[in-house]
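Heads up, there are several structures right after this.
Next, two complexes with chain A in common: one pairs it with chain B, the other with chain C.
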Partner chain A sequence: MIAADPQMTGTPADTQPALSLQGLSRRFGDTHALREVSLDIAEGEFFTIVGPSGSGKTTLLRILAGLDQPTTGTLLLRGKDVTGQPPNKRPTAMVFQSLALFDHRSVGQNVEFALKMRGIDAATRKARALELLDLVRLGPDYYGKAVTQCSGGERQRVALARALASDPEILFFDEPLSALDYRLRKTLEVELRSLQRRTGRTFVYITHSLEEAMVMSDRIGIMKDGQLVQVGTPSDIYDRPRDRFVARFMGEVNILQIRDEHLPELNSPLPGFADGHLILRPEALHTDGQGIGIKVTVQERFQLGSRVQLHLDTPAGLMIAEQPASCALQPGDEAQFHFDPAQAHRVTE
Partner chain B sequence: MRKPLQTLWLTVIVVLLYVPILSVILASLANTRYMRFPHRNWSIGAYTDAFSQHETLVLHLASLKVAALVTVFALVLATLGAMAFARYDWRGRSIYQKAIVLPIFFPQPVLGLALLLFFSALGITPSWKTAVFAHLVWILPIVTLVISIRLFGYDPAQEDAARDLGATRWQVLKEVTLPHLAPGLISGGLFAFLLSWSNLPLSIFTTGADTTLPEWLFSRVATNYAPVVSAIAVIGTLASVAFGVVVLAALWIQRRASRQSSSASASISTS
Partner chain C sequence: MKPGPLFALPVALFLLVGFAAPIVIVGWYSLIEPRSFDLTSDLTLANYRAAFTEGYGGPFYWSIFGALLTTLTCALIAWPTAKMLHARAGRGAAIITGLIAVPIFVSESVRLFGLSLFMMPGGGILAGSLKALFGVSIGTVLNTKIAVYLGLVYVHFPFMLFPLLLGVALIPRDRIDAARDLGASRWQVLREVELPLALPGLAIGALLTFVLCIGANAEAAILGGQAVTVVTRAIEQRFSYAQDWPMGAALTMLVTLVTAIVVFPVLARIDLNRLIRR
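Take a look at the complex of A and B:
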């Protein structure tokens, strides 16, 4: 009935994507930095692009912000073609990897910059700047401070406030947290996510850390060699990686080749598993229970708080298992581990 | 123990630096053609002579004209050159970077003669205009180096950020690039002006019929000395000191004005 409604075949305003990437490619000489990237990012979504360095994620973000132009392809912002439009004409703002704060200006002047460019008077600018500083949890006394006097975390907040000043429809983030220490990064990840919820803005974030992406994102796109190899929710990507590249990128996993001559159990026909690889999480290996058994020798034992991680020497190569801390196995011990093939995820590539 | 030695050392340096200048001032206050000290007759006649001579003005204007043009050309070309070195990676960049500094190591009189031969080969009659070119050959590398230092310590992503925050290309230049380059432009400009203002070896060969202040001073000291020479030298020195003071004062006033306007806007919005 809904499908028959002619109005639903068009794109209603509320389901129109905030950003629509249509076959974006970018070449630098003979190098293909981006190959035919197509993607829709929804209004109010926190979308994270993850990839190793050199995968083209920064190039993609610069094209989205208008700082670079695609060689071919089209970019729609709320349905409007913005390909070729310079960055100062776009209702978007970016937080740079180096933060790119204006170091000859005060915190207040940095935050106000976008408003000054729009010709807004000094008093209004200052009132807005103080509001924004408050939003990123910096007190009014920061207004007159030099940016060079601020700590790493404070500079981060100033950069965020500066990007928010123009009230952008979409915010872009180019690995802004990569230079910070672990604890501060964790705090700011949570704050960024809650800021995104409160403001309802579309955030497009790039990082090389999948862990960071998992914490914050509604959806994640994995990039490799200038292409998006998988797009999905964090749990989609965690539970069902598309290939071995994505699986390895997710953190420590065991990748078993089906029909491995050293693992005869896997040769016996498993339902639906003709060939390819099995992705097995460290927590899916057990010392007891059912399923396929593997003879192992424990190589290393690492304490991870309430759990231990074991590095196992197996006929199929090095494997990693996670056990409760009560596990008594020590390096040098021999043991039999089991896993249920139903808990493994199969990939063909 | 260290303090008195340090003071002595600093005093010796300052004395060695300023005694020659002081002696020129003293020489200008005599009324004899031969430098002898102490003077039998103190006189400011040399200064009244200097100011009454039309030549004093002509000499200063010639030097000013050359130095001002050298400064303008040097600043524009050096900024562009420094940008090319600091921002872009191109084939032969490091070789070009070294090649451009080479004229500094070339003895100036030889460089001046070479330039004169070059001009005459091209059929150009030497004048103060060719001297501008000659000075630039020697001064431009120095100014390029001074501005490069400023550009290398600068994150160009600031310009991207400004564009992204709504600035036009012109606003990026005015609000971000120039304020950052300003210290380099000022010191580079001062270098360009003063090195050109006091240059003798290049000017001798390349000014043709025109005469700059150092050229005139040199020829009069060598052949036809009178206290008026010292007087004009003192006036010339004061003129270049005044130039420096005016530049620094302008900067100071501008900085104070911008600080006042920002604090004024702050007080408006808090009231």
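Take a look at the complex of A and C:
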């Protein structure tokens, strides 16, 4: 019930949330896909749900869109109870992981689909479709094109324009960029974020890539085993992960055990620290400076643009450090690294 | 060695002797004087004119109408069946599919005689049960047009169902979700997404049903009594009892023409490779 705490969700209490999830659970037979998920998503927010596969994030999104129904719990959309309402009655739209474009229809017909379903006349539909294509940076000549002739990035934009057509209050995204190559994904991440700012819509996005979430989101919810384990801004989660699971999810980290005010793996005292784990980011390890010292042997060196990543053999096992590219250490070198425990984040779980 | 055009020779010869040549002969016969056998006489369209009047029109139209109605009925029953079998694919679905398929391997006449026991008046299974259980007396079903229609549907249902099962399998689940999400009602989903995507299967099923029905004879003979004369029966009579080969030939050509008009446009538009996932 993390999200019920307004301090953690960061939602001002006086504005009505766009979406309010109240204790949503979903069981498939004996499997608990979702357990008591509660969360408020603010109007105009870009909210991303991140989790490994099988964490229940797609189930959650399908419930939000009305494609699935919760076993228990309530879903409010702008204060109105929409639990049990079918998807075609909800003012929301979804961009599917597979995109789910209608291959038997043209680009224009795909974009117009929602308008046609609402009985809007052909001329108005076409005008709106051209506007939407322009919004997603596809020219008017795409209108009559077959969907099957479009490239991956173009199909992505068609799916986005199609979802925007009905002017939905909330847009849902189910890992729509996962099938694209790295560069295109980066471009579309930025475009998606800018589109969200321009339209002022509420976006709820699902991904297994925290990197993607960090770039785009106002807030991030981390999911594990059908539960939201942490909700917060990207920097909240990056700087203060709630537990080792979230910390590891945030990318490469070093985790050291704390017991009885000691770091047993390094055999060094750590006065004033309660039992738990110390989270050390690769950039928190330095070759100079003060703090706790670690004797290491460099195992590997990887060039990361302006920085290098070093894999270090330490008494606490493999650790990872990041250094400026000017760092002279090579595999096989022995060195002394330091870190300041006061700068590191401690978790209890 | 890659199979070349020579590999098509056996089937080409067979079609030439068994299909093309008879069509030419029948076509020729249809154009000579009624009740004559002289292929050298002057050609005439008299037989075709007679086909639409003089009592031949009835069987001809009945066969077309019966085939259309049967196709439509089979499609209406097969659609929900196919959807259900596809959605619940597994052991249960396999058993149901088997139960529907097995009768195809039993002689059609045997099945139709079985059905006639069901429809018989008085002590028939249907009439007898209704009388014994509810005290309701119904007249005869056997030897009516309804009986022929039910027989046609019963015999041809699998020919609609199995292609349609393949067609329904072509509809990805997420397209239905997407359409629903974009505001389509269930009816709109059917019209805009499911039917167009399943069309190859539906068209093949409809084609098979229609073509088989228009040439069907046994249903009318076994279940229909004197209630219906189907076009194949009329043709048979022309060639045998009546000894009016030119008239029989003209009716044959008309049936062939109707079949061609239905078959070619559909086959031209359907990608069979997609249906069998090649």
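Methods note: the second predicted complex is superposed on the first by the 321 of 349 C-alpha atoms of A that agree within 3 Å, B and C clash if a C-alpha of one lies under 4 Å from a C-alpha of the other, contacts with A are read in each partner's own complex, and residues count from 1 in each chain.
Quick note on the criterion: a contact is a pair of C-beta atoms (placed from the backbone, for glycine too) under 8 Å apart; a residue touches a chain by one contact, two chains touch by 3 or more.
Keep in mind that this is a model prediction, so the values were computed, not measured.
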Query raised in the report: chain B versus chain C on the shared chain A, clash or fit?
Result: clash
Requested in this report: Report for A:123: first if it touches chain B alone, second if chain C alone, otherwise both or neither.
Outcome: first
Report task. Could you look at A:67 and tell me whether it touches chain B, chain C, both or neither (first, second, both, neither)? Result -> both
Query - chain B versus chain C, judged by how many residues of chain A each one touches - result: B
Query raised in the report: Touch check for A:98: first (chain B), second (chain C), both, or neither?
Result: both
Query raised in the report: Given the touch rule stated above, what does A:78 touch, chain B (first), chain C (second), both, or neither?
Result: neither
Query raised in the report: Looking at the overlay, does A:301 come into contact with chain B only (first), chain C only (second), both, or neither?
Result: neither
Requested in this report: Name the contact category of A:144: first (chain B only), second (chain C only), both, or neither.
Outcome: first
Query raised in the report: Which chain A residues contact chain B in one complex and chain C in the other?
Result: 65-67, 86-88, 92-94, 96, 98, 100-102, 104, 113-114, 116-118, 162-163, 165-166
Report summary line: In the complex, the residues of chain B that touch chain A are 155, 157-158, 160-168, 171, 175-176, 179-180, 262, 265-266, 268-269
**Report entry** chain A-facing residues of chain C, complex
**Finding:** 172, 174-175, 177-185, 188, 192-193, 196-197
Report task. Enumerate the contact residues on chain A facing chain B in the complex. Result -> 65-67, 86-88, 92-94, 96-98, 100-104, 106, 109, 113-114, 116-118, 122-123, 126-127, 144, 162-163, 165-166
Query - Touching residues on chain A, where the partner in the complex is chain C - result: 65-67, 86-88, 92-94, 96, 98, 100-102, 104, 113-114, 116-118, 162-163, 165-166
